Structures are given as C-alpha cells and as structure tokens.
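Some structures are shown below for you to check.
In the two complexes that follow, chain A is the common piece, with chain B as its partner first and chain C second.
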Partner chain A sequence: MMQKMISKEKISDLIKELQKEFKVFGPVKEEGVVLFKEITDAKEICLDYSNSKIPAKSVLFPMIDTLFSYKKEGKGVKIIENPPYEKTVIFGIRPCDSMVFSLFKNFFSFGKYKDPLVLNRLKNITIIGMGCLEPRTTCFCTSVNGGPFNKESVDVLITEFKDNYYLESITDKGEALIKKIKSLTDADKGDLAKIEKLQKDIESAIPVIEGLDGIYTKLDGLFDHPMWKMESQGCIGCGSCTYLCPTCHCFDVLDENKQDGSGRRIRIWDTCQFPLFTLETSGHNPRTTKLPRVRQRIFHKFNYYPKNYNIIGCVGCGRCIINCPVSSDIRNIFISVENISSKTEG
Partner chain B sequence: MVINIIDDIEKSIRETAKKLLEEKKVDLIIGYTKGSIPLRSGPCFITDASQTGMLVWNQSCDLNLAKYLAKNDDRKIGIISKGCVGRAIVHLIVEKQLNKENITIIGISCEGVLNRAKIMVEIGDKEIIEANIEDNKIIIKGKDFNKTLPLQDYINQLCITCHYKIPPISDIIIGNKKPEKPPKDDFKDLNEIESKSSNDKMEYFKKELNRCIRCYACREACPMCYCSLCFIDQNKPVWFGKTADISDNFIFHMIRAFHVAGRCVSCGACSSVCPMGIDLNFITRKLEKIVKERFDFESGINLEAPPPMGTHKFDDKQEFMIEED
Partner chain C sequence: MQLESPYIPVLTTIKSIVRENEVNDIKTFEFVFNDEENYKKFDYVAGQFAELSVFGVGECPIGIASSPTEKGSIKFTVKKAGEVTAALHNLEVGDIVGIRGPLGNGWPVEEMKGKNLVIIGGGFAFSTLRSLTIFASHEDNRKNYGDLTVIYGNRESGEVLYRDILEEWEKRDDINVVLTIDREQEGWTRKVGFVAPIVKEVSPSPEKAVAIVCGPPIMIKTTQDVLKELKFSDEQILLSLEMRMKCGIGKCGRCNVGNKFVCLDGPVFSQAELNKLPKEY
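Then we have the complex of A and B:
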C-alpha cells in the first residue's frame, strides 16, 4: 500500500499526467446531468458531485457497443474488427459503482462463453475510485456488503480531506500507477489517522436497511406470493430503474445495415422491464404483465445473483429510488419480504 | 353532479374516498400518495376505507393517473382527477378505450405541478433532504444548504398555460373552483422557440434529445400511449433504430409526437417522469397549437367532438399534398 496526496487545485495536473498514458474517463456535467465521459480537457472534470446520473458501467458496457463492422465484398462479407482497446483510467468513480467491475467479471465470463469485448476492457482499465463524503439518504451500500470507502473493486482510492486529495493504492496495478505520477507528493502522515476516522464516521452514519440480511433464502419461497401484485401495480414499465442501475447488464444485439453494403453489429442496453425482452420467436412471452417483470428485477439481483456468483447484484446506490417515475422504493420491497418471512417463521 | 366547495382539498379527497369505499360505490380508489423522497409522489391503489389517509394532494402530483385505467377492468374505480387526468379520461372514452360506467371521476382543482428538472438544475447535484411549499415559496433544505425558490417560477410550463384546472366532466368535484369558461390560448409561450432559425431549433432539439437513454418512461407515463405494440418495438421487420444515438432518438420522439397529435392532453407527465430531465413539453405545446389552429380542436374536452386524426372532412386542408401535373 502506498499513500500519496495532491492539493485540490492541482487535480488538472494529475489528469494531464494520466492522459499521457491513458484514455481518462471521469465525471462530467452536461446540461445539469453528471455522467462518465472521456476527459478531453482536464478542466471538464466535475468532482463535486454525489453520484453520476448514468453509472460508470457505461464505460465498460456502453449504451451502444459495436461488436464488429462489416462490408460486403463481391459475394462475401469482410469483417472489420474493432480497433484495439486503449489503456483506460476511470477516475472519480464511487466505490459503490466500482463494485460493478467484479460483478461484470462474473457475468461476462460465466459458463462456456466468455465475452471477449468486456473481458479485454476489464484487463485494460485501471480504476481510481473516489470515496463518498456525502452519501445520500437513499444510499444503502453498507447493507449490501459495500461502503462509501470500500476498497474491494478499485485500484486506487481517493479521499477528499480539507484542501487535498489523498490517494491510497489498493492493488499492485494501482501502486504501479501512482508511483509514476510526478504531481503527487507523499501523504501527510498526520492527516492519515484523521482520514481513517472520517471514513469510519461516514460509513457508520449510513442506515442499515431492514430485511436485506439473508434476503436470498427469504425470496426462495416468495416467487408466487401475492406481494408482487402489490409491488407491481404502480409500475409503468419503463426502463429507468434498470438502465440507470450500475449492475444491470442486459442487452440486445442488432445489425445496422447501410445502403452501401456496409454495416455493423451492435449491442445496446435492453431491460427485463420491457415486454419485448422475453418475447420468443414462437410468439410466446413468458412475462406478459408487469408483475413477473417487477419480480424478475428483484429476484435477479437478490436471489439469482447470490445463487450463481455468491454476490448480491445490488450495490445500494439508490438510483432506482431517485429515478423511479412513480416513486417505487426498492427498500419497501425489502421490508415486505422481511415482514412476510418473519410471519411465516413465527 | 355534486359540487363540494371545500378549501382543504387533501382532506376532502380522503373523506370522499373513504365514503365511496364504505358505501361500496367503488371497489378501488386510484390517487396520489407521498413518495419516499422530497418533492415526489406516486400512485396509490386503495381498496380498504381505513387506508385513505395515505392519499395526498400537492404540487408534486405530476403523474397522469388515467394511465392506470383499462377498458377490460371491470372493477368500479374512483379516480382522483386533476384537470388533465379528466381530459385524458374523456379522450380515452372518445377513442373507445374506456367505459365511463365503471369510473367515478373525483375532480379536483389543480393549480399546477412542479417542474422538478428545473429545480434540480437550480440545486445542482445536491440532495434535497426536506422540502416544503408555503406562501408560494418552495423551501428546500439539504445537508449544508437552504434554498427558497419562488413557486411560480418552478411550475410546469404546461400548467401555466393550462386552461382546464378541473376535469371537463366530474362525478364529484373537490376544491373551491367552479368550472369556468377558459380564456383564449394565445400560445405566446411558443414565440421564443418559433422565432429561432431552423438551425437553432435543430440545435435545441439535439441538445435536449441527446440525453435520452431510451428508457421509454415518457411513453409509459403517457395516457395516450396505449398501443399493445409501439411502432418503435416493431421488429419483424425492424421499423426504426432503437439505439440512444441522436438520429434514432430524434426519430422516436418525433414519431411519438405525431402519434399523439390531437390526442395529447398537455399533462406534461412525459417530461415530469424523464429521469434525464428532458423537456418534451416543447413538442407537446407546439402540437396543441397546430391542432387548435388547423382543426379548432382541443383533446379531452368534449365527449361528442370527433378527434381530428380519426375523422376526415372533404374540406380538410391538404396543402401538403403534391398534385400530379
């Protein structure tokens, strides 16, 4: 572990240094919305933010992702591979959102078929996370094995303290990176203990959500429970909760053909909340109503994920609570599950 | 029609709902309830008279509850209806999508709902922990900030130009406003965008629609979007692109606008629900103006008036038709 610091004013210098070797993605504010974009001008970076509207999964798993391009040549087709993925730094991602890198690693390499695109990106991405000084009231990361300064899925963790940013290397990759950066100085040892206390204080102030403990086994018996009728009746069936969820990764694959015989095969975001998502070629649709779609979102994150990968498929960022058009609150579902299962046990 | 003149709308809504459920005049009340975060509300579905205390009425009640009504629903439903919810119900009846017999319209007088996107731009990325509306002011508290905003500046633009504060038809009316003859709409609010050059308009559209993530919250919140298969979801063969690329976004929003022309009831729900804060009202308002000017029609006002897009007259303007030489 290596600890370094830089004054807030000099953050552009750090970004500029990183840009020499990496493509740098960071939080940028556009039309009032914070999202992760490639930083072209170091001044664009917006570090005074609570969390981005669109999670940084968009770097690893973009909304529109070209799998390959093609061009008709005579009777054949020429496949044009993507250019090699450049070494990339994701700067300023919150520790909750960075958990997605472990999740995606599991998902995109599960079973027989590996996703070369995502796995290759994962190899080439270095994550510089930024601890969360002001968790929102909708945050519940500590209830899903995370935390505002969680180090599990970052290579370097930054903590803002007074006029400085403190950088702590977590992985070898992170250490190798911060070693090289000239604009960093050695951390002020006197502050380190204070920072540790600050981190602990912030973390312990996040309320623990009822009902999440052991939710995986509790859900097992609730697939056909009438609670899903209640929980789904207000849902309008849009994709806000899933598209803005840092862990949702479902996609659709399409071909875009141009008149001139060229085109590309793309992968775009898709969601279990849309009826078309499960429409089969035969015309049969196993999820024709809102109820099974709402249930699917919860089961996938809190039952199938733990079963398949031994992790919870939710990082507790609260985006689905903030962005739901009908103010549906996932925390209320946890409470319902808890109440129902405690009744059946009693 | 029973007219109750009561100041405290929220209290009367609860009492009325309770009474309707107790007297078994309705099986279900659809209304608004408090959201779990400030300045938000959600729908609630009440079948038990003891639960009516959860009903609320305030400037955050931005959904169009008519979305939750369906033709094949045989329950007797009482629905809390601000003007635009009532308009949606009327237009859905005109389009033969609802049966009025099963619906009790509990009309309430609405003074407009908040434009949350505008508030969020003002507040920045900070979290609102508490918000109250008092004396025409929005009083917002955050962790380390307080902000007071003038209410009238943060009311949805469509509510400012709305001439139908209460539903055109109601079974019960709550509130202190009797239906009055609406003033003439001058569409002055469109002057600014209409006076822009084509290029500037395009830039504005691009700026707004570029943020679209294709979650379809606008479509799903719209009471007029009831197609069982939306044009954008046609995939055998594919009709339009579904990516969040600006050209695909443009096509989606413009064609959706065509589809709601002469049908849109200007409730603004599409904009209110947009997680990206895209102002779709600029399309909605222009549609309203075109339909008013060309067909002298306003949707959802009159149960007998045939909708312009569903009828044909021999003297309909058709200057856009290209004649053969």
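Then we have the complex of A and C:
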C-alpha cells in the first residue's frame, strides 16, 4: 500500500499526466447532468458531485456498443472486427459504482460463453475511485457488501480531506500507477489517522437495512405472493430504474446501416420493464403486465443473481429511488419481504 | 490476446430453398459454410438452434431442422413472421447468411439410448423433431433406440411439412408414423383429429419410453394431460421452450424462466425440471 497526496488545485496536472498514457474517463457535467465521459480537457472534470446521474458502467458497457461491423459488396459480405481496446483510466468513480466492475467480470465471464467486449476492456481499465464524503439519504451500499470507501473494486482510492486529495493504492496495478505520477507528493502522515476516522464515521452513519443479505432465500417462496400486486401498482413502466441502474446489463441487438452497404451490429441498453422486452413474434408474451415485470427486476437482482453467480445484483446506489417518477422505493420491497417472511416463520 | 467473439457469425451460402406449405410462408433453407473449417466446428445435436443473420436487418434464433447425420450442409425451416424471417424469405440461392451456433442444449440423445421414443409434434414446430427422427432412425443409430413412434398433426393437409421424408418414414417398418389433420379434407387418407386424442388412440406405453413434445401451447397442454393419463411421469416428458431471444448465449437477459436461461440451459427441459421453475413462459 502506498499513500500519496495532491492539492485540490493541482488536480488538472494529475489528469494531464494520466492522459499521456491512458484514455481518461471521468465525471463531467453536461446540461446539469453528471455522467462519465472521456476527458479531453482536464478542466472539464467535475468532482463536486454526489454521484453521476448515469452510472460509470457506461465506460465498460456503453449504451451503444459495436459487436462487429460489416460491409456488403454485391452478394458478398465482409466482417470487420473491433479494434483493440486502449489502456484506460476511470477517474473519480464512487466505490458503489466500481463494485459493478467485479460484478460484470463475474457475469460476463460466467459459463461457456465469454463476452470479449467487456472482458477486454476490464483488462485494460485502471480504476481510481473517489470515496463518498456525503452519502445520500437514498444510499444503502453498506447493506449490500459495499461502503462509501470500499476498497474492493478499485485500484486506487482517493479521499478528499481539507484542501487535498489523498490517494491510497489498493492493488499492484494501482501502486505501479501512482508511483509514476510526478505531481503527487508523499502523504502527510499526520492526516492519515484523521482520514481513517472520517471514513469510519461516514460509513457508520449510513443506515443498514436488516436482513438484506438473506433476501435471496426469502424470495424463493414469494414468487406468487400477492405482495407483487401492491409493489407494482404505482409503476408506470418508464424503465428509469433499469436504464440508470449500474448493475443492469440487459441489451437489445440491432443492425445499423449506412447508405453505402456498410454497417455495424450494435447492442443497446434495454429494460425488462417494457412489454416489448419479452414479446414473441407469435404475439405471445410471458410477462404481459407490470406485475411480472416489476417482480422480474427484483428477482433478477436479489434471487437469480445470487443463485447463478453467488453475488447480489445491487450496489445500493439508490439511483432507482431518486429517479423513479412515482417515488417507488426499492427499500419498501425489502421491508415487505422481511415482514412477510418473518410472519411465515413465526 | 483478444478473446474470440461469440457475437460474430460465420458466413454461409444458401444452397437450396424448399417451399414447405401451400400458403408459402414456411420455407426450408439449406446452407453450406463458406469456410469448410467452420462447418467442422459446427458440431451439433438434434434440438439445438442457431442465430441466423441477414446483414443489415438482424438476427433471429431458429431451431436446426437437419440432422447431424445429413452431412455437408445444415437446414433451417423458417416461418415468415417478423423482420428477419421476412428478409430471409426474400433471399435467393447463392445469397449470404450469417450463422452463430450451435446454441442451446438439444434433445438428450445420449440419455435416451435404450428407450422407446414417442415423438409428438404439431405445426411448423416439427423442425427439430425432423432432426431428431432422422438422427434416431439413421442406420448408425437406429439400434440404440427402441420403438420409434412419430405423431405429427397439422391444421390442414397443405400445412404438412417435409412430405418427402414423411413418406419415406411411412414405408419403413421400424418407424410408426401417425399423421393427422384437424378436420376432414378431400384426398387426405391418414388420421383426422387433434394431436392429443390421437396420442390417446395410439396409446404409447410409458414403459422405458420418453415422450418428446413440440408444438403450439394448446397442443402441448392437452397432450401433457393425455400423457399423464397414459402414466408418463414428468421426467419422461421432454419439451422445447420458445422465448424472445437476442444474444443466444445467456447475456442479453430476456429469455429467463426463473434463474434459468432458455437459450443456455434449454431450450429442452423435462416437465419435471419445469415444475421447479415459475410458470413464466
């Protein structure tokens, strides 16, 4: 482990140094919305934010992603593979969102078929996470194995303290990186103990939802429970909860053509909250109403994910709560599940 | 090293197109691989499917209609229904089609060895049953299976697929072929009636048997009831599920039934396996 620091006003120097070797993605504010984009001008970076509106999974799993390109010539077709992925740094990602990178690693490499797009990117990405000084009231990361300064899925963790940023290397990859950066100085040892206390205080202030770690077995018997009628009643099926969820990875596949016979096959983010998601060509739809669609979202994250990949498909970022137009709160579903299962047990 | 992409299809060329029904919305396409190496890699069993690509239009999952014993090419029977299947229907011999596969688990041809096979199909869902029947009745494999019964129903005689091969099977004494249509029709000399009552009439014994059922939902439902009456256990009934699919490799997330993916864990499930899953298909 290596501890370094840099004064806040010199952060542009750090970014510029990183840009010499890497493509750098960081939080940028565009029309009032914070999202992760490639930083071309170090001044663009916006570190004064609670969490990005659109999760940083977009770097690893873009909203529109080319599977391959093709060119039609007469009767012939030529397939063109993607260029190799460049070395990339994700700067300033919150520790909850960075958990998604290990979650995706697990999911996209699971089973017989490996997803080369996600896995090649993962190999080339270094994550510089930024601890969360002001968790939102909708945050519940500590209930799903995370935390505002969780070190599990970052290579370097930054903590903001007074006028400085403190950088702590977590992995070998992270250590090799911060060793090279000239604009960093050795950390002020006197502050380190204070920073550790600050981290602990912030983490312990986040309310913990009891019983969430055991929700998977509790859901097992609740598929046909009447609770889903209640829980889905207000839903208008807009899909915001899924499009803005850092762990959602369902996609649609389309061909996008140019006039000259060339084109590309793309995958785009999709949502289980739309009826079209499961509508078959015959007209049959296994999830015709919002009830099974709302239930699918919860079961996928909290039952199927743990069953298949041994992880919870949620990082507790609270985006689905903040962005729901009808104020549906996923935490109420947890409470319902807890109440129903404790009643049946008792 | 870059990983090989399971999303990239290999190129094939249409060798033949057979019009399968009077309405002309069902055609069987025969494909040869442009690169012989890709054909060698396409090692499949009856009951698997593949994603067919019309470049510029998209992909769709289709069951493989040919049997691995039919060498040199692969066949798919496609009903014109959506965008990609409509585009396929507009193609001609010599056109290029992309293929990804084989995908899914397929019929358990190894586990079924030594068993009597009762193959029950309805309508154009018969394609992977064509594959299975050709495979099991092939001279190399016939000895591995007991009695072979094929019950195949259609709405009307004009909808019956694979006429040539059905007639071949009817001539053989080691396959019991029972063809039926819903209502009497001039010139039709086989059975008349829905599939389920015909299964009851044929009354296959459940002893050492497996029933393989493919067809529209109502046919499956009524046939299951008959098979239960005939004392087939849930382990002895095999079904092939259909769901909307995109990637075919368990990543795009839409064809799940409970925690199982139809594209990856299926499409073939026994009734006993389905009993453990939510009724969401």
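What we mean here is this: the second predicted complex is superposed on the first by the 340 of 346 C-alpha atoms of A that agree within 3 Å, B and C clash if a C-alpha of one lies under 4 Å from a C-alpha of the other, contacts with A are read in each partner's own complex, and residues count from 1 in each chain.
The rule is simple: contacts are C-beta pairs under 8 Å (C-beta built on N, C-alpha and C of every residue); 3 or more make two chains touch, one makes a residue touch a chain.
Model, not experiment: these values are computed from the prediction.
When the shared chain is aligned, chain C comes close enough to touch A:Y304, but chain B does not.
By the touch criterion defined above, A:I54 reaches chain B but does not reach chain C. In the superposition on chain A, A:E81 makes contact with chain C only, while chain B stays out of contact range. Of the two partner chains placed by the overlay, chain B and chain C both lie in contact with A:D252. In the superposition on chain A, A:D186 contacts neither chain B nor chain C.
When the two structures are aligned on the shared chain, A:I321 is found in touch with chain B, with no touch to chain C.
Contacts of A:I268 after superposition: chain B is touched, whereas chain C is not reached.
Touch criterion met: A:E31 reaches chain B, while chain C stays clear of it. In the superposition on the C-alpha atoms of chain A, the part of chain A touched by chain B in one complex and by chain C in the other spans residues 252, 254.
Against chain A, in their complex, chain C makes its touches with residues 2-9, 11, 53, 55-59, 81-82, 85, 94-96, 98, 217, 242-244, 246-247, 249-254, 256-259, 264, 278, 280-281. Here chain B touches chain A in the complex through residues 35-37, 40-45, 63, 67-68, 117, 120-121, 124-127, 129, 143, 207, 211, 213-217, 219-221, 233, 235, 238, 241-245, 272-273, 275-277, going by the rule given at the top. The residues of chain A lying in touch with chain B in their complex are 29-34, 48-50, 53-54, 63-64, 134, 136-138, 233-234, 236-240, 243-244, 252, 254, 256, 266, 268-269, 271, 274-276, 321-329, 331-332.
Within the complex formed with chain C, the residues of chain A that make contact are 67-68, 70, 72, 75-77, 79, 81, 84, 107-108, 110-117, 119-120, 223-224, 249-255, 257, 261, 263, 265, 267, 270, 272, 277-282, 284, 286-287, 292, 296, 299-300, 303-304, 307-308.
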